[in-house]
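Take a look at the structures below.
Paired with chain B in one complex and with chain C in the other, chain A is shared by the two complexes that follow.
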Partner chain A sequence: MWWNSVLLALLLTSAAHASPGKDPMPSVMWQFYQQKMLGDKPFVFDDKVVLQAPPFAEDSRQVPIQVDARAYAGQVEKIIAWAELNPIPRIFSFEPGPQVQPLLAIRIRVEQATPIRAAVLTKDGVWHVGSAWVEAAGGGCTAPSVVRAQEGWEERLGQIHAARFIHGNDSRLRLRVDHPMDNGMVGGVPEFYLDQAQLRDEQGQVLANIELFPAVAENPVISLEVQGHDQARLWLRDNSGNEFEGEF
Partner chain B sequence: MRLWCSLLLLALTVPVAAAQDYHLQPRQIAADTWLLEGSRDNFDKTNGGNIVNTGFIVTDAGVVVIDTGPSRHYGQAMRQAIASVTSQPIVLVLLTHHHPDHVLGNQAFADVPIAALDGTQKLLAEQGNAMAENMYRLVGDWMRGTEVLLPTETVAAGERQVGNHRLRLLALSGHTGADLAILDERSGVLFAGDLVFYQRALTTPNSPGLEVWLKDLDTLQALPWKLIVPGHGPVASDAAPFAQMRDYLGWLDGLLRGSAAKGLDMNEVIRAPIAARFDGVNLSRYELIRSVSHLYPRYEQQALPLR
Partner chain C sequence: MKLTGLTHSTLCLAITLASLSAVAGVTDQDISDSGKRNDQIVVNGLNQAGQRYSTLDTLNTSNVKELRPVWALSFGGEKQRGQQAQPMIKDGVMYVTASYSRVFAADARTGKKLWQYDARLPDGIMPCCDVINRGVALYGDLVIFGTLDAKLVALNKDTGKVVWKKTVADYKAGYSISAAPLIAKGKLITGVAGGEFGVVGKIEAYDPSNGELLWTRPTVEGNMGYVYKDGKAVENGISGGAPGKTWPGDLWKTGGAAPWLGGFYDPTTDSLLFGTGNPSPWNSHLRPGDNLFSSSRLALNPEDGSIKWHFQTTPHDGWDFDGVNELVSFDYQDGGKTIKAAATADRNGFFYVLDRTNGKFIRGFPFVDKITWAKGLDKDGRPIYDDAHRPGEPGAEKKGTSVFVAPSFLGGKNWMPMAYSQDTGLFYVPSNEWGMDMWNEGVTYKKGAAYLGAGFTIKPLNEDYIGVLRAIDPKTGKEVWRYKNYAPLWGGVLATKGNLVFTGNPEGYLMAFDAKTGEKLYQFNTGSGVIASPVTWEMDGEQYVTVLSGWGGAVPLWGGEVAKRIKDLDQGGMIWTFKLPKELVAKH
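== the complex of A and B ==
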């Protein structure tokens, strides 16, 4: 009797965690990243998590990716993204609050052709994994900084270019922050990159948390979407403790 | 046994050698003027990078070559093609700009003055090796032995007499920042380089801006030309290539400006619909993806004010 219950429980568990489906990418690293990023939580490969990237990287130092998990609006706890074959794979970890859409666009560096993944953790404890493949000549992670080659970049450090665009009932918030995002892989230049960001409302209440990693390209360009048309601010901090804030 | 081995070797080598023949067929397009027309496709391992138009003018003082193609092997094949129609020696090579499909055949012309604009020389010195490396990735073994050979002579805008042909050289910039166009005043043939693409989407990796390019088109169209040789696509004796270029550049500029004003990100722009009238323009989606990478940041900067 006891054994039967265990068996039943096991059956139910495996039914709830139905097969993750077939990996849409020709990946050699999936299992490694699944364990490292998703832990022991169940996951599914899910094309309702729309991960867009160009089919090829025209500039391996600035490859745009966009994650759209609005199919799970209201259920998203966290979105994490990584580039599997990058020396620095992690891109961001994004926790949108209730007023913030589970959508984020950003640009990254790729060192070679690679699968990109965006894993969306929903409130039922399941990871939904969106995938894209980027073809690339590569070298984006180890190429010398473009920002540092520009005269006066230190004076422009942390300058914010931002605007709000009305998209129906939502606002699209777009921001570029001038920062070299040094990843420590270019000779003689230590890691110096933005690692924390918070979207806040006018009263300073946190709307969303974003953790950034140095796979993010120089002069990061970030797009977010929030409900309503109220003003908002993005606060950023780099690993040297410099803080920047821009208003939309 | 030895015979079998030789046969086997032959069987292995022949298809490879056959596959790597550019089959260059010089076509006479005007008096003394010959064209080697490439395909309208992208670089790949079947075309060996022959996606480009090169040409040559046979003057009574020798041959002027315009662009040398995508590889050393192409340059050598081009020399043979030239020798098949004239016994005149080659006296001058003119490079229209520094992009790899136009200059990586230079090694085959190492015994001849190779002339280009000063800006072309600088851009090739700066970007040549990276571009050549990328060509090896895209077209593979066709590139064997290809290395960047820099121009040996600088030309500027003005007239240049070669034998019985007076060439008008124009120093323009819309495509790469240093673009040489050549009008043969004797034949009326205008070698426009990549300032003019026709039935093939234009490329923008080094363009200083689409408005600069549009001005260059005005300059070119005002010349007394009879036949246009675009850098890519078929020759034309009417102004259709200019009309298509203006239309396409205007559409691209409007798309990028409008998208930035709507707050779109790059992935949304590269998936934008392409106007149906450009259906006949080969590779327009592919080149839109590239152009968004090259140009969209400038449009974004205008739409995202400093805070």
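== the complex of A and C ==
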């Protein structure tokens, strides 16, 4: 039993040592999300987790954000992101393997002006929280899908537009997949969205796991950074069981 | 899947957690015992023979009037269309399908919805006859069903999340699936619908654990069957031996014969028993010959899908007597000998008793009051046609001669399954009395377009009723009793050891009859038409009855003059569950 106590002591110590600092956002929801998303693990507000977002959402249905935790490269277990005032707040949960940078760019929907958060769990068990504020006219989550209004959308379902951009020793992989990402909030249209993705190498080994939520914009655009220039594929699956794959 | 440096995969973790929390799912033993166990319903048809017979007798003719509704659950949304599923019950959870390829799991005690799955359907689906579905198959931890865009979807029974999904056929060519899939000897078996679009019917087996295709058997003569070994297709013989024997030219390439109603597995002969639908197109002058294996009953080897025997009820079908009707196995005594028989009440108006070991005709007789297209059946069960009642060939004209035919193409009996009582030895057949004016037109095949070459208008034969629930003795052809219904009957039947027969009507009533006399003993209005199959089971020492309510199906779409009788019926979408409370059992 002695090691249990040691572990407990260690946890208590690290919690006691981590002072979260002041929330950079004027948030009314922080405590709620802290408990819901981070549990009882220690956390710090940390500007080394760079969360980029436009100051104003010109199109509330397509708001680009980028989470960059390369300051903690090699130490990151998981990155989660959410929009605090969205009806469906969660955006993604990302587990980069050793060859993948702790960086992810994606487009999301926002229902109203909101703080966006990205929490990075490092191997020492601490959450590092990056924040950004997006102003918005609103309605991005409850407006009818543009994709679905288009004739023959199901013909294009799962079409993938993927490209690789070389950045020195790294490659930036960018992919768009045609999908309505219905979040179930528009009357008579059931939930239909991509909920799983995996970056895989040529042999099918998993390089990174991504869980997606319907706060992600329709026709999702996802960018990742990997070390080297080897072939890679992004596999995607929606909640209806359809599977898609894009090659870089 | 190997993970490179990740602590875990969220995907794998989710699946592990789900399987840990699960109570053991449906086993092969559960399926074999389906005729004996009353605490669960794990097969379509209540037992493997498809008899829709329950050995429960707590609820019986003396106390059925005390049957009480205990809960109802709405399918919700704007999608109130025909509801035709038979519920399944396992470990206190009810699994049903609803219109537009939806699946619901509900607590069988309270009706609390546990999860819902909505298939995302493309705009271009082509169901011929409403957006209905007839139920799920249960196996292991999976709830499996077919969709209107011709896919099989396997859901986790506890979460409703998709485990796997497979495309069975191309919905853009007119294929769809509305029947409940079947589990037989550890395989998942499905047919397809699409006989109005010139598809090639087929029966296929899949591995239920991952959706891998195991074999495929086309139901139109001339098409090659395959078995799959290590992902490779191996030829397994052409259906019927060769093309062109009973079809002219290359019409076998668009011959229909869709096994759209699913089938049963008979362990006593180790056979899959399936019905096949109409040949395409409807205009029979375009396809001289018997057009095998349309409007037939087939026995298939479950191992590789090869056809053991066939019995064709309407060779060269010219009336859309789409003889897909269920083939129900039953045994009877004849001069001290046990006869392994199977019975089917065909769309064409004849009731057939076959030897299910070899498909030989034992006897047949009309089960409707009026049949004009045939003068009777010969000694092999082949119809003796009355050529005056086959719609004429159009020739150079736009339309051929119109003729009056009874029954109508919606059939003496359509999809709605009959029940067989092991106590009375009678079949309880939901049937309809109607005829049609029908004529032929020219038509050519075009992918995804209706391929009929015929026009029609349906007419009731009687002022005061169309539907007739009949008690029929399969040994004599005698009708023991009948119950007449104003609107056409479109729901399945249930028989119980309590001397009861249950069915529903489009007017909205769940009804119970005395199985021996036909006296109506109970009815309850569910608020919308009942066109589904009732079930009964036992839970916590009480007997329950469940039926879906929700008007729709083929009748309102194709109804002709019949439409007048049903124009005031409203749509719905509910599960209704009833029970006989314990204290009321003792009272009687």
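Here, the second predicted complex is superposed on the first by the 232 of 248 C-alpha atoms of A that agree within 3 Å, B and C clash if a C-alpha of one lies under 4 Å from a C-alpha of the other, contacts with A are read in each partner's own complex, and residues count from 1 in each chain.
Keep in mind that, in the parts below, a residue touches a chain if its C-beta (ideal position, glycine included) is under 8 Å from a C-beta of that chain, and two chains touch if they have at least 3 such contacts.
The structure displayed is predicted, hence computed values, not measured ones.
When both complexes are overlaid on chain A, chain B and chain C end up sitting side by side without clashing. By the touch criterion stated above, A:144 is placed in contact with neither chain B nor chain C.
After overlaying the two complexes on the shared chain, residue contacts for A:74 are found with neither chain B nor chain C. In the superposed model, A:125 lies in contact with neither chain B nor chain C. Using the contact criterion defined above for the overlaid structures, shared-chain residue A:21 touches neither chain B nor chain C, since it reaches no partner.
With both structures placed on the common chain, the touch criterion links A:228 to neither chain B nor chain C.
Once chain A of one complex is fitted onto chain A of the other, the partner contacts of A:154 are limited to chain C, with no touch recorded for chain B. Seen from the Cα centre of chain A, chain B and chain C lie 100° apart once the structures are superposed, a value rounded to the nearest 10.
Of the two partner chains, chain C is the only one that A:98 touches; chain B does not reach it. Of all C-alpha pairs linking chain B and chain C after the chain A fit, the shortest spans 21 Å.
Overlaid on A, the two complexes show chain B and chain C touching no common residue of chain A.
Against chain A, the residues of chain B that register as touching in their complex are 133-134, 137, 205, 262-263, 265-268, 270-271, 289-290, 292-294, 297, 300-301, 303-307. Contact residues of chain C toward chain A in the complex are 1-7, 9-11, 77-79, 118-120, 122-124, 153, 161-165.
Interface residues of chain A, counted against chain C in their complex, comprise 77, 93, 95, 97-99, 152-154, 182, 187-188, 190-192, 196, 198, 201, 204-209, 211, 238-242.
Interface residues of chain A, counted against chain B in their complex, comprise 52-56, 58-59, 62, 64-66, 105, 107, 137, 159-165, 167, 172, 174-176, 221, 223, 246-247.
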